Structure formats: structure tokens, C-alpha cells
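Quick one: structure below, then a few questions.
As written, the chain order gives the labels A, B, C and D, with residue 1 at the start of each chain.
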Amino acid sequence: MTRKYSVILGNLGNTCDRFCSSYKDNPSTQEMLAAAVKIPHVQGIELVGTWDVTPENAKEMHNVLDGHGVQCVSVIPDLFADRLYWKGSYSSTDATVRQKAIDDTRAMCEAASVLNCDLLNIWPGQDGYDYLLAADYEKQREWLCEAIQTLATEYPAMRFALEYKPKEPRTHSYLARMADTLLLAQETGCDNVGVTIDTGHAFNAGEVVGESIVLAKRAGNRLMHMHFNDNHAAWDDDMIVGSVHTVCYIEMLYWLDRCGYDGYFSMDQYPYREDAAGCIGESIEWLIQFDEILTQNHQKISALLADPDPIATSRFLRSVLV
Amino acid sequence: MTRKYSVILGNLGNTCDRFCSSYKDNPSTQEMLAAAVKIPHVQGIELVGTWDVTPENAKEMHNVLDGHGVQCVSVIPDLFADRLYWKGSYSSTDATVRQKAIDDTRAMCEAASVLNCDLLNIWPGQDGYDYLLAADYEKQREWLCEAIQTLATEYPAMRFALEYKPKEPRTHSYLARMADTLLLAQETGCDNVGVTIDTGHAFNAGEVVGESIVLAKRAGNRLMHMHFNDNHAAWDDDMIVGSVHTVCYIEMLYWLDRCGYDGYFSMDQYPYREDAAGCIGESIEWLIQFDEILTQNHQKISALLADPDPIATSRFLRSVLV
Amino acid sequence: MTRKYSVILGNLGNTCDRFCSSYKDNPSTQEMLAAAVKIPHVQGIELVGTWDVTPENAKEMHNVLDGHGVQCVSVIPDLFADRLYWKGSYSSTDATVRQKAIDDTRAMCEAASVLNCDLLNIWPGQDGYDYLLAADYEKQREWLCEAIQTLATEYPAMRFALEYKPKEPRTHSYLARMADTLLLAQETGCDNVGVTIDTGHAFNAGEVVGESIVLAKRAGNRLMHMHFNDNHAAWDDDMIVGSVHTVCYIEMLYWLDRCGYDGYFSMDQYPYREDAAGCIGESIEWLIQFDEILTQNHQKISALLADPDPIATSRFLRSVLV
Amino acid sequence: MTRKYSVILGNLGNTCDRFCSSYKDNPSTQEMLAAAVKIPHVQGIELVGTWDVTPENAKEMHNVLDGHGVQCVSVIPDLFADRLYWKGSYSSTDATVRQKAIDDTRAMCEAASVLNCDLLNIWPGQDGYDYLLAADYEKQREWLCEAIQTLATEYPAMRFALEYKPKEPRTHSYLARMADTLLLAQETGCDNVGVTIDTGHAFNAGEVVGESIVLAKRAGNRLMHMHFNDNHAAWDDDMIVGSVHTVCYIEMLYWLDRCGYDGYFSMDQYPYREDAAGCIGESIEWLIQFDEILTQNHQKISALLADPDPIATSRFLRSVLV
């Protein structure tokens, strides 16, 4: 499988957390873009709408990307940084807010069209709850489902990849794991609704990504997009690929191939205190090297899975890793 | 909602772990049954097949239960203690083992019929994997699905409640959480396939049970059975209800009612070092008292969920708890 | 034991996270103070230096607090929000930064003196590491220890309460848990170095707070301060006391009494989307009600601990809780 | 540093869990020993008293080990499988049980002497608690400390390595993590009391083992023994080294060297469903290969730690791993 690598533009920007409001300086969109396209192997860019792209500047942004020789891989509507969505977007208890979330996404569908991009990466990060006995899970899930259905029906040429994450910024997200996100995708009845795996979100959810890829395939081949990063499993640390985990990336690549994934490998990190381009570049290099292991050992791995023996697996891993 | 309480018979038996082979003495089935029916409020019993019930003794067991004035609530085929299933039952890579697992379940369907019981509680505890790169997630999930479909089609009058659990005895189970189990239930295309929530398994899976109940309702009203216990969240400690968690039980009972659950409340504990009847009795008493809170505050809780405000929720909880 | 309640002033301020830069509006120090002192039972305030207090305004702040009839309970040097400390303060690999961290703390010792406050609450949140193979644990721990020793020796009338936390903002903190913080306190050889328990940090560290209190007592009676909040255990959610946990607060209060803790009960929350004064007020009310249970059942609880029987404990908890 | 490899004899035996009483067959001590010494690189054996060794058979066992050309590396008193210790050994509320635990350990000290072994590996697995408000943490910790002190004083030529583990078989162990175990070791006032790191226990405790090694060094050079295995972090899965984690083993070996550890590298696994000798052999091979990386890159690693840059670390890891 030929791989295509991309990066979310905002990865090149400033970082902060709830304690420190700014670890770095604020670069402009143009500066971030210039830095992004210089990273070896990067062929595509993901844009967050309204930060990086608006319906107004979409044409211009298209030309800029074109000039850099990169593609717009996805547009990500901002449903998480806008204070208006602090208690949810599509599933807000406030009908006006729900409407605005749908309208904002519509605008991003239009922008994506202009950018020749057919993928909306939907991360409804504020849609969830913090406290027990303080949310109507049934109604809110219904609203969330209806919104996605409305959008997917209205924009049949667009693909809607729902990005799940178990927590943060809410203590509990409605789209928390692969399987519940697939259930919702199926409920919409729309074939153009699928899932984005962010590897770190999956680790944090306790998932073995190889198995999550299989779930997506069995539920109607719904894996639409991949975000790569690593973490210590307890939180979405958004670190360099390979910093913590090793074996599961090899397994993950095997299953992406076997399940026929042909989308982008997009880097999504949050380098609080590190050089962003350096981190993203490293992640891509790890993935390339893991892929080399895979290319040279595809049959061996298939054989290991067909006739499981952890000792044989261990022997194989030692031979390719250390 | 009138509640019906039951207990898994084996809860009254001996306990062990991988270090100590026996913490207590081994009572006979008759002794366990005598102890179980003495626990206040117990109206039903769950039996593990071949330990407690076989096709041969089913008629006799039926009479014994009848004599005690209790119902057989479910039959649980032993897919976890039989050494034959050490690497999986329905999803074993060995076709002979898969066949035996189906045949064993058939026998338990027959036994359940004799016992006037229409519920098979299926816990395929050995169906999963321990090591990365040592299982074919796709093929094994397919086998698991086919087996359930075969059984559910063959026994249309029987209901098959799949009990999920994230781990133990394997490091990863195929039926790990509510949502992936619902996906599999839907794939069978059989309405008589549903889910058992074991509250401790759900806690260990990081689920808020109230939300899991909603997922089951939205996926075709598939919640069929409830197992109650508590734990410290990191493992399936199988402790007395209310020992660790408080608020989420109240929330859970609210959602069971709202989603129309009318099955048994079955106790499933593993009192390693405690008096078993005492533990089970305590769990039932907690649930009864939580239900009293619910009965007196149903409207208040509905209002708290409709218009979320964690401070109002806190005030309410203080008023009913401390 | 008579309880004294306090709050960290910043709790009344704006909130943010790495996605959304501002969930609320920015109140002035005076506005926060006015809101804080209106919360029933609040008798003390914790100030973060240089946000709330500087050596320059300490005298004035003292008068303001006096005017409100509240005490300065602790001063918290800002070792976490200043971008200079992004890779550590006392344990930075940069000697200039380490020196500045010590100097900043000295300034806060002076300010505390003026405020008639003998407690420095030290939270070196940036002192830790994110990546494996990217920190010299030995050298950095040594620097951290030396800095505390220097300060504690220089200000013998001041008490230095080290606040531990397993992670955030770093993926790993050097002062991560009660026991490692006690080891460091002992290494300083200074009796005026102790520990602050933040209940949420302790939950996140997998601690049973009752046991942590005992550890502190056995290590030279080093528990100096208490921060109260609640969370879902997986992260420092900084929620209202009692929102998630119940039983462990009762146990915790018992052990605070038994180990002779006579300091403040300080509220430390981060109400992202809630009314701050409401949240803090609720937390205090929970603690008051838990204390009532304790007062009425002190002997019973002592008996339960002396002759452990989880069934008796369960019966007791039901009698006081539901 | 020259490495010496050993294995706990029982690793070669039968396996079980609380569901299935026997996954394998029961080999004799002689059969296990024959299998153990055939594993390449194994030079030492750890024996569990009274399973493998008793004061009565110690002389004979010594001759047998001698005949096989292997050393007795440690003796592990059985404080976990004997039903008598179900609610604790040294910290039991029953004084008779506490006395027996001390006497049993004394017998093992005598046996160790006969075996020319100066290391007692103490794992008080049953010493802990399961339920909240059902243990006197203060008194029980005191008893635990006194017992260790008594033994260490009585056998000054023997070294007592306390093996910590956060949970299992109890939901909470008294010796849970490196730091609290060091506190207790220091409290005994005995230099011959130290700590065993079981890598899997440390992962399960959320520790970065490199840092734990540093803590032990700073607390009086108290690291006495190493048990190696791997797991998925959520539980003590006792798997083959390298199956899940990679980077942290390299880091761990670096710190063992830097802190001057010169004891055995002992394998401690629990191969539920795998060939035991195969698993243990694999673990040793991983460690040998990790050590080769270390040998060739010692200076590079030291430089990475002295001047932290996660991108440089990543580049290094890619160069040695993939």
C-alpha cells in the first residue's frame, strides 16, 4: 500500500494548557504552512475551520496549498475552541447552539468543496458530560445523531469521519470509542458517515488499534481517516509516534493494509515544549520504518496471526526490533 | 418498577485465585442452594451448566428449585472453567473446540427449557487474546458471531444475553464493552440476542452504566439481564454493591426504569474472604435503599438531567445521601 | 476536631483548557475575593504569588483580608504558569532557572511573613518529564531536594508543604505520590518540610487517602495541608467533593482526626463550566455533613477497623448513607 | 556490567486462575528444575518455601542445584498460597498468624543458609485490604514493619528484599510501590532490608522503572533484586519481556548500570497458556539484546539524559530499534 502523509496545520502553532497560557509564540497561518510543507514526506494538510479556513478565504487557501504542492486532506470544523460550544455543540441542550453547530459545519462543507476536499473530520470534543446525574444521555445522543444525519444527507458527496475520544475536554465524551461511534454511524443510515481513529485516543480508550480497525471494517468499511501520535495510555499526551509504544504500531499497520485502508496517515500531535516540525517529522519516519518491517514480513505476520503462539511472535519481534 | 432479585448459585461456593487454590470449603450444590434461598428477597437463581445443571439432572433441579419456591433465572454455559476452552470457545482457532462450544450451549438450551427458563447468559470469558500480534481479530470475531447466530436461530424461543467484560481471564476479551457487544448482536440479525450488563465489568471498562443502558436501548432494546457488584474500577473485584461507588448506582437505576428494563437484578459477586450470603444480602439491601431514593425523587432526577447543573445535582445528592 | 475551611482564590477566576482559551470572564482579584468570602464557612484564603500577591502588595493584601475577616492560609509560589518554568523550576537543567525558582519562592516567603502566614504550599507542577530516555532522574531529583532544603533552612519559621500530583502538566511529576514526597521531605533533614494532600491528586495516583495520611504520620507527622476536590480517578478533574466518591471521604476524615491533623480544609477546584462559588460552597457542605456522620459514629468506625468485616462495614455505611 | 540470569522455579509449573483450576499438568519439582536449567543463560534458581524447599530438604536441594551447576538466588517464603494467610501474614489482625509468618520466614532463613543463599525475597501478597473502612492502616503497617525488623535483626547476614505490588490478591497491598516500601525499609533501621523490583508490578503501579531505581539508590542503595516480565499495565499479566513495552526496558537497564546494580536478573512470569521454558527463554533473549543496544550506546544515552530533547531521543530510538 502506498502511504500518503499529512499533518494538521495547528500542530505547528503555539501550545498551552490550563496552567500556562502560552508555551511558545503565535505563528501566522502562513508561517505554520511554510513549516509544515518543509517536513519530509508531507503531501497533505488538515485545516481547522475558522482558524485556518473560512468560506471566505477558501479559494485563496486552495491556491496557497496548490502553490505549496500539497492537498487539503480534511477540514475540521471548530466545535471545541469556540466558547459558545462549552457545553456541547450538536448535542447542546440549547437548540440555538445545536443549530449553529450544524450551520458552522455546513459552512465548512462549502469550504471543503472549494478546497477540493471531500473529507470532514468531525471532532465534537465538547459533546459529553462531566458529572453524574447531570446529563440526559438519551436525548443528547439523539441530537448528536440527528445532526450528523442531517449533514450527511445534505452533503452526499462529502464524507463525515467522526473522531472519537474517551475524554478531554469533558470527563466523558459521547463519541468515546470505536464501537459506540460505529453504532451512531450506522444509526444515521448514511454510508458517508464513518470514523477517524486517532491512535492516542484509542490507546487512552484501552483499545488495541488493530482490533478497532477490524470493527470498523465489519461495520460497513467505515474507517475513513487516521490521526497518528503516541501517549502513556492514561491521557491524550499527543506525543511522537514510537515514544512509548512499539509493537502495536506494527500490528496496526498490518491491519490497515489487510482491511484495505487507503486514506492519509495524518500526524496529530501537541508538542507542548518541543519543536513541532521535528516531532511531526519523527513520527513520519517511525511510520516509514515500521512499514518497512511490515513490507518485508507480511507473510510471516499473517502466519503468526493464523496460528497464535506468543513465543513465535516474541521471536519474530526480537528479530525485527532489537 | 417492581424489582426481582436473584443470585448466581456459584457465589455461595468456594473461592480461590491463582495463588491460593482454596480460601473456603467446598459446599455441595444443595448446600449452596439452601444458603441462597435463605437470603432475604432472593426469588431467582442462575445456574452454571455443567456445574449446577446438566441436561440429565435438569428435571430434578427444576423440582428442587420449585420446592424452594425460586425460579431459574438464567443458565450460564461453562465456557470459561473447562480447560478445553483455554484459548477460546466459539472463537477458538480449533474447529473441534468451536463445535463443542456450540454443542455445550445447545445442551444448556435444552436444560434451560426443562427449567422453564428462556434466558441463556453467555459469558465467553476465554474468547479473546493476551499478546499483540498473536490473534486474527477478524476471523475470530467472525467465528464468535456465527456461533451466536447459529444458536439464536436454532433456539428462537430462547434469549441469548451476551455478558461483556474487558479482560480476565484473557488480557483482552472479544466482547469487551457494551458497544462492541451490541455491534455483534446486531450482526447476528437475531432479535433474541442481547446483552447482560455486569456492573463491575462496566466500571472496569470505564463505562458510566447509565449511558450503557441508553446505548442498549437505542440498538434495538437489547438489554436482557443485569449482574450487580462493585469494584475499585481497575479490576473485576466482585465486591458488595455500594462499597466503593454510590452516585452511579442511583443514576443506573433511574436509567433502567426509564429504558423499561423489567428483568431480574441478579447478584454476581466473588467473596474471596467474606461470608457469601452476607455479601449478597448486603448488595440487595443497598439496591433496595437506592430504589427508595429513586422512587421518592424520580421527577427531581428527570429535571436534573433535562437542565444540567452540577451544583443542583450536588445539592440533591447531599439531601438524599448524607 | 473543629474544622476551618478555606479556598484558593484562583478557583473563583476564569477557566480554560488547551482547546478553549477562556470559558468565563476574567474577574479582578478584588472581585474574586469578594465572591470567596461570601461562601458560607470560608475563614481562610490561599493566594498564588505573583497573581494575587507580590512582596510589594503583601501589606495591602493583608489589610484587605483583614477587612474581610479572613486569614491568609498559605501562599503558593507560581512555579507552573510562568513560561520560564516550562521545563521545570527547582529541577530545571538550566541553573539560572533553578536560581530564579528559589528566588521567587524566597519572595513569597517574605510576602507570607507580611501576611502573618507560616505556610508555603509548594506545587512544582512543571518539575517532571514527558518522554522516556529524556531526563536525568537522579540529578533532577537532587536539584529539587537541594532547593527545598535551601529554602527550609533559610526560613525556619516557615512550613513548606509539598503538594504531590502524579501528572499534568507533565506526563510524569517528580513529586508524584505521598510516599516519594515523604522520602524527599526526609532527605532534606528539615522538620519544616511536609506534604499537602490534594484529594484529587491522590485519587489520580491510585491512593486510598486514609492510608496516605497514615504514611505521613509515620514519616514524622508531616501532613501540613489539605486540598479538597473530587474526580473520576483517571485525571485531576477538580470537581465538587462527593460528586463521584462517597465512602472514602468518610474514611479520610476519620484518619485526619486520628492522626491529629489540625490544619485548614482548603477547597481547590477548577469549575470549567460551573459557578465557582456554588461548587466550592457545595464541597464545604459535603464535608460538613460527612463530619456529622463521623462525629456520631467515631467509636463504631474505630471498631470496624479494629475487627475488619466488610459486611459489617457495608451495614454501617447503608445506615449512614442511604 | 556482567549479567546473571535466573528464574523462579514455579514459573515452570502448572497455571490456573479463579475460573479454571488447571490449564496445564502438575510437574514435579525435579521436572521443573530439569526444564529450568535447560533454558539458555540460566545460572540461578529462586525457590519458594515450602513448595520447593523446606528446612528438611534444604541440604538435598543444595546438592541437586549443585549437580545442575546452578545457584540458589533467593528463597521466597510462602506468605500468599497458604490459606492461613488469607487475611494477611505479618500484618494479620490475629497475633498467632503474625507469629507463624515470622516463624515460617525464620525457617526459610535457615533453609537459605543451607543453600548458601543470602537473599530472602519477601512478597507479603496477602498483606493489604480489599474494602474501604475495613482495615486499620496504622496498626497493620506497624505490625508489618516490626516483623521485618525482627527478622532482619535476627539474621544480619541475610538480606531481605521486599517485593512491592500495588494489588492482587488483595485490591490494595501495604507494600504497593517503590517509595512506600523504601519508607518501611528505612523505618526498620536495618541496612539488610531492601527492595525487589518486579518490572510488571512497577508498570502496574504506574512507575517508570528507571525512576524507581533512582529512588532506591537515593534511599540508601536499597535495590536488592530484579524480577522481569511485561504486561499491558492494567494488571500483573506476567508476560514475556518485550511483548508490550520496548523503550522503558532500555532505559531501565541504563539506570540499573548507572546505579550500580549487580544482582541477578530473575525471570518471573506466569505463562497461563504458553510453554513456560519458551517464555522465559524469550525474556532472557530480549534482555540480552537490549543490553547490546545499551553497551553500544552508553555514552549517547547519557548525553540524551543530560540535555533532554525528545526529538533527539526519538531519532536515537529509531536508529537502534527499527
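Methods note: contacts are C-beta pairs under 8 Å (C-beta built on N, C-alpha and C of every residue); 3 or more make two chains touch, one makes a residue touch a chain.
Note that the structure is predicted; figures quoted are calculated from it, not measured.
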Worksheet item: Taking contacts as defined above, which has more of them, C-D or B-D?
Response: C-D
Worksheet item: Using mean CA coordinates as chain centres, what's the chain B-chain D distance in Å?
Response: 36
Item to complete: Any chance you could list the residues of chain A touching two or more other chains?
Response: 87, 130-132, 172, 206, 234, 239-240, 243-244, 247, 309-310, 313-314, 317
Discussion item. Edges wherever two chains touch, nodes for the chains themselves; is that graph a line, a ring, a star, complete, or other here?
Written reply: complete
Worksheet item: Quick one: in the complex, what on chain D touches chain C?
Response: 87, 93, 129-139, 141-142, 166, 172, 177-180, 182-183, 186-187, 205-206, 208, 210-211, 214-215, 217-219, 247-248, 250-251, 254-255, 258-259, 301, 304-310, 313, 316-317
Worksheet item: What residues on chain A touch chain C, complex-wise?
Response: 15-23, 80-83, 86-87, 125, 130-132, 167-169, 171-172, 231-232, 234-235, 237, 239-240, 243-244, 270, 272-273
Discussion item. Under the definition above, what is the set of chain D residues touching chain A in their complex?
Written reply: 206, 233-234, 239-240, 242-247, 274-275, 278-279, 282, 285-286, 289-290, 292-293, 309-311, 313-315, 317-318, 320-322
